[in-house]
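Please go over the structures that come below.
Okay, so chain A shows up in both of these, paired with chain B first and chain C after.
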Partner chain A sequence: MAVATTTKTGARPSWSGRRPSVPAWAGTVPFFAYVGVFLLLPTGIVVVDSLKNPNGSWAVSNVTELGNPLVRGYFIGSLKLCLLSSVSGAVLGAILAYAVASGNPDGVVRRLYISASGVLAQFGGVTLAFAFLVTIGPVGLLFHASWYYEFPWGIGLIYTYFQIPLMVLVFLPAIDGLKVQWREASENLGSSAWQYWRYVGGPLLAPAFLGATLLLFANALSAFATIQAWENQIAYIVPQQISTALSSEVGLSNVNVADLLALGMVILVAIVMTGYALLQRRAARWLR
Partner chain B sequence: MAALASVGETPVPVTAGRPSGMQARRRRRLNAFRYVVFTVFGLFFIVPLLAMARFSLEGAKLGTWSLSAWRQIASYQNTGIPPLLSAIEITLELAVITCVVTLVLLVPTMIWIRLRVQWLARTVEFLCLLPLTIPAIVLVVGLGPIYNRIQHYSLSALMLFWVYVILALPYAYRALAAGLSAIDVTTLAEAARSLGASWFSVIVRVIAPNMWQAILNAVLLTAALVLGEFTIAYLLLYTNLQEELYAISRNTPNAGVVFSTSLAALLFAFALLLILSYAGRRRRGRG
Partner chain C sequence: MRSSYRFALAGVAAATLLAAGCSSSSSSSGSSSSSTSTTNWATEASASAGGGISALVAAAKKEGALNVIALPPTWANYGAIISAFTAKYGIKVNSALPDGTSQQEVDAVKTENGTAKAPDVLDIGMAVALANTSLFAPYEVSTWSSIPTAQKASNGIWVQDYGGYMAIGYSSKFGTITSLNQLLGPQFKNAVALNGNPTSANAGLNGVMMANLAEGGTASDISKGVDFFSKLKAAGNFSPVSATGATIKAGTTPVVFNWDYLNLPSYVGVSNWKVFIPSNVALGGYYAQAVNKDAPHPAAARLWEEFLYSQATSGGQNLWLEGGARPVEQAAMQTNGSINTAAASKLPAVSVTPTFLSPSQATDAANYLAANWAKAVG
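Now for the complex of A and B:
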């Protein structure tokens, strides 16, 4: 037994010593190569091309085209829709998350809502637009909403269908993190429910709430399929205009329009996600 | 703090009377609030699905019932667009290929990083979660030149898997990371290595079977993602299921087959994710 152990442990270093030429990180090369080609390279192409003219010469001044009224219009459309759907989604989602969190932690309702949220948060896209079309659209079975094709109201309502579940998923851990003891302590000190939420619960949840709202904002910003199936004749938001620019080269002259709009989106998403990361860190201080 | 503790220690009946009454009232109000919220939100989420189901069962005359839209799934064809069935086939094949490639790429890499190159862990995590923040529509713009190159070799829509793997990375990564952190990778690897296993068998035959649950999660999430993908296929001019549905609906507005197929795809995705949550529960029950 002892002999076997010594030979084994003795054998190991000599084995690994036999092949010093291949460093351990070499095993990760396929992963990095793949991600490099299909994630980093396309992003790089977008950034570089947006700073070039279609004929290939550098033109950093292209960035000023982001201030062009036409371009700005699409960004304002995007902001409107994202703001509407993320704020309404966040508020409604927070209410639903609170209702879910205040129930039995192992209950059927909670499990049902969490699994359903996981599914529905992913359920954007063409199918969702179809579902609303036959619910409140021109052929709606429930009723025909006259504002169905109004931007941003109709599409905003459709977006809340996947924003609310996402909010539940993101915000539920924060509500679960509120300790019963805090509520008991404030009640023992004589505070009302309003005072508890105003001075204890609210401030504790605020960073998590704002962070989740930003996440919803970014989520709405990058959505394309839903709005394309909702209305494909008029471009309201940046992704739609990118799609138009990709299929036809009209619009701004001398600029790679699609690349420029995409760069604008990357910048916007980067700002939003940085805010999200900072707020998450702030929220993690109390809620764990 | 001391005052609170002493309140807690005073004889129970004296202090417990009033608070428990208050508690009960609050509890009742809370329950009423919960039922209202669950009903309202439940309706909001269910009604559009029911409307779609009803529409898919609409007969030739308005208000009648018929299964024809569901039967059409297998046979639907229209001028100018590929048959529906071929789009379904392509999408299912894409789902399988994407799952396999994602796993082959991610599982060994993640295990290897756990075992040998810990210092790369943060970088890999960052790269895997990056696709969440780069919108698909942005990715498409940059993918144009790359797909031009790919199309020199193959025009098949199956080539979409290259980028679908990227889209699936965040979900697969998180599922696998959860599985990996639940097992003692180092001990398993050391045990296997000291018994003479090669690194290949350590990864494939020792560690991977211990995290099959996480692998299953990653597969289901990836498949659900591929089934619902539209943006990239549409803009790179490939036909997958979602693109096909979109094309049919533009061609023939309110075609029943659109709703039956949408619903079928949705139910399929629901089933996948239900398997996921069911398998997760059973595991937890045992542990």
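Now for the complex of A and C:
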């Protein structure tokens, strides 16, 4: 193996004179091993298994199953829920983030909001569903909303509970990046508040806002436990149908269909994250 | 996500294999060399073929442990059954994944095959049992002749154990329910729940089938049941929440379609709870026992089966009955007088001839639901 030799420096004590000669890429090995084992390998297994029959033979025609109206229905359900919760979460979270940013940068309120958002953005699953069940469910303490089981409205509301805090966390740096001087400059030139947001603030924040919305979208796409605890008598979204395909005890389980549905989600996430990366690149230009 | 999970399982399995390698090999060599008989219980299809019950007990005690899976302690009295077994034989019972599904049991048999953690015995739904008979070892318990012919495989590869009838449990705040159509009334807003998604859970599928039979449908065609739930949904009465003990206690699912043994007030733990079985429908369903053919504790697995099918006062059959489940030997035990009559009289009475879904009827129903359920109640 060709190895770059390290140069000895005479001033050094002799015990460090012969450093083990390690190629530069060696430092990346743990990272790539980790990513390989926990991301690339499982994804590869999903892709390969989704193109096979339960008996192990190749069946590339499985892909046409993604066009099946039933399967399309699960993806449409996922899209509806993700769009509803990411757009509403992004708008409300952005407003909240702006309110926080316009306060004292070292104030208690700001620190409180940021820590609370950090906690609540991770709040989900059965606990969250149960919290809503006892507040707005059929015997809810607060009120009886007739729409709380109407997909996607009730579950969309629940998702905003963790989407809004996540938006605050990811959008706050962008708002902080708006320089006071820009506002002053536009006011000196005689612009109104509307004109400032229309021609300066809005365009500056748009890429970051859209990027954060996409992040929220991907966040909602993979959520499973919350909706499973809230409404699970039919599969509304793809992860629920994957669960059915894996564990149906009435004879409808099919690992390859589950892999195929997972493949569909991988494709969806790839599209969303590519969009996110492109928007982030554009946003970063302004924030330097 | 799923594949990463499977990969993790494989890793755990490999680690366990390494760790358990010496212990499992020493125990198997011990049982074959030092035991008085050289019986290999993994291939014996009955206790008598292996040298009798006492030889089986001795071999099981030597193994010292039993791996069970997906047995919730509150389900069909399994908590008491497990402690009674341990008390009687001094064999430790390792209970894995108590809330698992039948499919997860079979998956565990496959993924943990060859490790000391693999399940020895399974308690599974019939659809899963029939689809996986190649994983099981045939075994006939001593009370084999007490089990109705239709409820066991002739070669002993599976045998039904306990079951019940689909029933509607409901909160007494609704008064008395006497017919299915009452559930379409306005006082049942968001109240009526199944025990699980019918395309996934056996109890859910049978709930729809019960409505189907009550509405005049046949066991071969579940469409009238789906139509009933569609009407229920249109009336705003269908609850998309799967009923559990917690949702019943919280009051979010005040009407539940479920097996009667999971629907009794004593099981549900709610005092104002009533049970109703439509007078023209007795839809029965039984779970089945099967022994893993590669069981890490082959003798203990077979002794467990003997215990479950024992007609003794504190044997498995009467313990299931005390948990509200109907044991498979119930008719024979009523005849020979070994049944716990007090426990038997607590079960809801069934007057009509019970219906049991054949495997093909169950498959047809599942396929119909796969195509139509989401449309009907979505």
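Basically, the second predicted complex is superposed on the first by the 241 of 288 C-alpha atoms of A that agree within 3 Å, B and C clash if a C-alpha of one lies under 4 Å from a C-alpha of the other, contacts with A are read in each partner's own complex, and residues count from 1 in each chain.
Note that a residue touches a chain if its C-beta (ideal position, glycine included) is under 8 Å from a C-beta of that chain, and two chains touch if they have at least 3 such contacts.
Everything numeric in this text was worked out from a predicted model, so none of it was measured.
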item	value
Side-by-side fit of chain B and chain C on chain A, or clash	clash
Touching partner for A:142 - first (chain B), second (chain C), both, neither	first
Chain B versus chain C as contact partner of A:242, first or second or both or neither	both
Touching partner for A:233 - first (chain B), second (chain C), both, neither	second
First (chain B), second (chain C), both or neither touched by A:41	both
Touched partner set for A:125, first chain B, second chain C, both or neither	first
Chain B versus chain C as contact partner of A:95, first or second or both or neither	first
Larger contact residue set on chain A - chain B or chain C	B
First, second, both or neither for A:176, with chain B first and chain C second	neither
Which of chain B and chain C A:262 touches, first, second, both or neither	both
Touching partner for A:273 - first (chain B), second (chain C), both, neither	first
Intersection of chain A interface sets (partners chain B, chain C)	37-38, 41-43, 45-46, 49, 134, 139, 222, 232, 239, 242-243, 246, 258-259, 262
Chain A contact footprint on chain B (complex, rising order)	4, 7, 19, 22, 26, 30, 33-34, 37-38, 41, 44-45, 47-49, 51-52, 54-55, 105-106, 108-109, 112-113, 116-117, 120, 124, 127, 130-131, 133-146, 162-163, 165-166, 169, 193-194, 224-225, 228-231, 234-235, 242, 245-246, 249-250, 254, 258-259, 262, 265-266, 269-270, 273-274, 277
Chain A-touching residues of chain C, taken from the complex the two chains share	1-4, 6-7, 101-104, 124-125, 127-128, 131, 189-191, 193-194, 196-202, 204-205, 236, 238-242, 250-252, 362-363, 365-367, 369-371, 373-374, 377-378
Chain B-facing residues of chain A, complex	8-9, 12, 24-25, 27-28, 30-32, 34-35, 37-39, 41-46, 49, 92, 95-96, 99, 102-103, 109, 111, 113, 115-116, 118-120, 122-128, 130-132, 134-135, 139-142, 161, 164-165, 185, 187-188, 193, 218, 221-222, 224-225, 228-229, 232, 239, 242-243, 246, 258-259, 262, 265-266, 269-270, 273
Touching residues on chain A, where the partner in the complex is chain C	37-38, 41-43, 45-46, 49, 70, 73, 133-134, 137-139, 146, 149, 151, 222, 230-236, 239, 242-244, 246-253, 255, 258-259, 262
